[in-house]
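Presented sequentially are two complexes of chain A, the first with chain B as partner and the second with chain C.
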Partner chain A sequence: MKTSLLAHAGRVWLALILFFLYAPILVMAAMSLNASPFYQLPFKFTTEWYEEMAGNEQIIAAAIRSVLIACVTTVIATALGTCASVALFRYDFKGKRLLQVLLFPPIAIPWLITGTAMLIFFFFIGIGRGTPAVIVGHVALALPYVIVTVTARLSSFDIALEEAARSLGADSWTVLRRVTLPWISPGIVAGGLFAFAVSFDQFVVSYFLSEPGDSTLPVMIYTAIRKGFTPEINAISTIIITLSMGIMFLATRKAKFGGEH
Partner chain B sequence: MAELTNASDRRRLVALLSPAYLWLLVAVFLPLSAMLFFSFLTDLPQDTPDWGFTLGNYARFLSNPTYGTLLWKSVTLGLTVTLACILIGYPCALVLARTIKGRARETLFLLVILPFWSNSLVRIFSWAIVLRGNGVLERFLELFVPFDLRLNLMFTTTAVVIGLVHSYLPYVILTSYLALQAIDDDIIEAARSMGASRLTILRRLLLPLSMPGLMAGAVLVFVPVVGSFMEPRILGGRVGTYYGTVIEDQFVAVYNWPLGAALSFILLAVVLLILALASPILRKANT
Partner chain C sequence: MSLVDVQNVTKKFGHTTALDNVSITFDNGGFFGLLGPSGSGKTTLLRTIAGFYYPESGSILIGDRNVEKIPVEKRDIGMMFQSYALFPNMSVADNVGFGLRVRKVPAVEEKRRINEALELVQLQALADRRPSQLSGGQRQRVALARAIVTNPKVLLLDEPLSALDKSLRVDMQIELKRIQREVGITTIFVTHDQEEALTLSDRIGILKAGRIIQAGTPREVYDRPVDAFAAGFLGEANWLPQQLLDGLTLPGEKQSHRFAVRPEMLTMSDAAVDGRNSVRGKLVQRVFAGALATCLIEVKGEQWKLIARDRDLPDFAGEGDVWLNWAPEDTIRVPA
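And now, the complex of A and B:
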């Protein structure tokens, strides 16, 4: 293929965009290792901020809470979402199209609206604010992602395999357990990773639903930033972004290449 | 696919579907309905026993021009960010889909998409560090210019736009790339062999054929930006008062929930209107 001037310009454009996307994150990471608390240059290496972060009970408590909420969300959303995906894939029924459309509001409506609506309703029915409310909200936001991911994996599933198993005498429970589930398991893993990421990175809904002083990591960071931020926040932010990018890297690998391995 | 022939199949279907959809009902659809109900109340039932119905919350939106002005400011912000994302992202998708091949394309695509799936709050925070006065950006640009720079970008509308473009740019690249990649190479070859220039190919083939993907990306950027509040708060400072931040205030500072519900619902109406207008295009993008 001959490379024209235009193709070269295109590559430069792409490189500039990657720079735009990653430079601020790298600057933040670098500043978490810089001695000056006011982000002054020249750069002087220190791990002081990470040590301070590790000693900050508030940050550690919020981090543990965030991870726990994300784990519970992942388990519930993956279980419920996989069941719904299997049903949507296997059966034809009236209103199926509507059920698929209903998955979009949690994704498409701004979280500000969903979050405030949840806050009002949860107070109305007595759940109020707090960790249970946050989990209820996170599962709802994660469910559509799980269902879409697992359904995408199912669409490459050959229904003839189920029929073959059934004609060999397997009942439908055995078919599900021994034929269908093993095939879609990469989709389930990817869906679970998406669910974890949706919960772990969620700020808006957690912000409205969590109890003050008992919040998740992103909510704590938001409060800290508005009070005037410190390099400790840099340190924990750097850890968060590394973790969430790592999880998403795994999820996209699983979703795409899971079947071939 | 199995037709629903017998009762046991139907039972299984209900058993598989109902947990997920009941959850969505309780956590999303009932709250949205409750919000509509609350927006017509004078007070919260849990606070005072003598609450009543009123149109006052909506009347406040109409009588106080501040709310309308801020909604328009948020819509303008949404349009600006969407336009910037299209102008920056579409050429990028074009390069990825049409000139780069094989493993390099896959890796680059993943690199573009990855930040989008990482924590949005932390990414906005990273811009606060980059843009702050006398900060890294000014030092970096001074490498290229001989004089001292005073950009003072932090706490400006520009800072808010930069942060939001950074947050939502991957949406446009993702949807445009998927649409562009699906275009058959043979069509392009045919046009080229008949003497069409690059510009003609772009204007008459690539752009129209990828339009559904591009529009889907534009909607996916516009909708959350109109409802954004965290980004303007962190990067906008004093100038960062938008419709979203006013709603936030009603719930976390002023505690006027019925007014907040009415304002939220007006925003939801705007969003639904836009989604409805875009739905024919979005449906085309899906198939």
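And now, the complex of A and C:
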């Protein structure tokens, strides 16, 4: 009896969590399709706001910039992160443990702090603000995610596979390409998706590091909201959320958290 | 003619000396078993020959080539791993063909050689399967086919059968021996199982604490162990208590030596037998096990074991005083 009561309470709790997480999103998505610009009911379906959004050059430009930055970030972070994971897996060196431990705090540090620190640092070393600074910042934020996902995948890799390949005459490059990479590729894809999502959804760091003229989509939305809500913001936000959730869904499936094979 | 020649090889891991000035020669076409307790350096020796470890000092010859500074991939060896290490993302045929593709063997020849190798291990029917769809014994055979398809100079096996259950292990031993004979490949294998070593090997080497203490044919090592450890490790030994040595016919000087007899060399009687060495003991237990029987006898505080055909043993009433007899030339003598 007691356990079933507990299980029941648990279910209610979970339902509440899901409700408070998704209800605002669903309302926003609904309002992006509602004819009234003042969120008035009854609901009257329209695609007007999506059409208006598609005609808004500022939004489109920001969206393209966001996607491009996210793509560049993904490529760089995935490549660097994978190399780092393989190196951490394969080689023993002084300070390896420390390095591995140091990878985690950036995930937990508030982005506001990270963003401020980066802004100061980039001015200090002369990169300043602008798209290159944004990309460097995003790569730094995304790297730990890639390393963590690829390392998780590598931890189930049997090192004897590499040894077997070498005993059969394969040089290091062939071993990497034919044996190691195929094994960790789900981890790499998942890490890449995480990197994309981290960059695409990034507000604080982008806000601090971008120049006024070329802001990313989240920054542009924030600026627009400060001037006043419009249903087109709902429209673009709905698109972003759908895209981000899709990516996260794929990433967690690829990373196979908890499961194996 | 020697194919692999290890000379004065020392290999250390930090402060552990895993191989201590090891010298050993492996003959061309032979089946060589490396035997020793856990931690004696068997794996290290095999992996040093393979090239996964570089020795601190000494030389290793494979064929007429000095390889001690050459990496694994250039040594032209075949190796089978305890976990089989089959590539999970490749079919059986692709696994077997891996070494051929790396060597850029033409496609037609590659296909032919994969087929030959699979035929040798009787797995042609499973060429398109994934390793995950195979049983333990089948994986084993794929691993073997993959290791020999490139015609390596030497085949290295580290406890190849230890992951299999007993009956499959015996089948695989026979299979392994057949394939090795058929291909004629020089084979070095590691085991801690003395029975396996005796079944498979033409020659064996016994390792202890990073040193080869004896190498020879199984017969030589069994009949003439060089020390007490070798005598006890390969087969069982009944040690003669010091106070009984007088009055026995011994093969050589008693001074600073120990003497032993193998359990199957003993006979049991109710009186000493002329012309044989005899000692008195107390029969503690007699265990009937089908064709053979094992008797435990206490001889001056030492536990002795006798193994004989059950029907050859006299019918003593359970426990009591008995005489144990053996031919003087069957006495083993090792330095104390």
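The rule we apply is simple: the second predicted complex is superposed on the first by the 249 of 261 C-alpha atoms of A that agree within 3 Å, B and C clash if a C-alpha of one lies under 4 Å from a C-alpha of the other, contacts with A are read in each partner's own complex, and residues count from 1 in each chain.
In this section, a contact is a pair of C-beta atoms (placed from the backbone, for glycine too) under 8 Å apart; a residue touches a chain by one contact, two chains touch by 3 or more.
Values in this document were obtained by computation on a predicted structure and should not be read as measured data.
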Does the superposition put A:116 against chain B (first), chain C (second), both, or neither? first
Scan A:164 for contacts with chain B and chain C and give back first, second, both or neither. second
Examine A:174 and indicate which partner it touches, taking first as chain B and second as chain C; both and neither are also allowed. second
Kindly classify A:182 by the partners it touches after superposition: chain B alone (first), chain C alone (second), both, or neither? second
Per-residue touch tally on chain A - higher for chain B or for chain C: B
Chain A residues touched by both chain B and chain C? none
Using the touch definition from the top, list the residues of chain B that touch chain A in their complex. 1-4, 9, 12-13, 15-17, 19-21, 23-24, 26-32, 34-35, 38, 44-46, 88-89, 91-92, 94-96, 99-101, 108, 110-115, 117-123, 125-130, 132, 135-136, 139, 166, 169-170, 173, 198, 223-224, 226-230, 233-234, 244, 247-248, 251-252, 257, 260-261, 264, 267-268, 271, 275
Mind pulling up the chain A residues that touch chain C in the complex? 158, 160-161, 163-171, 174, 178-179, 182-183, 261
What residues on chain C touch chain A, complex-wise? 50, 52, 71-74, 76-79, 81-83, 85-89, 98-99, 102-103, 132, 146-147, 150, 156
Chain A residues touching chain B - in the complex, by the definition given at the top: 1, 6-7, 10-11, 13-14, 17-18, 20-25, 27-28, 31, 39, 41, 79-81, 83-84, 86-93, 99, 102-103, 105-106, 108-114, 116-124, 136-137, 139-140, 143, 147, 159, 172, 197, 200-201, 203-204, 207-208, 218, 221-222, 225-226, 229, 233-234, 237, 240-241, 244-245, 248-249, 251-252
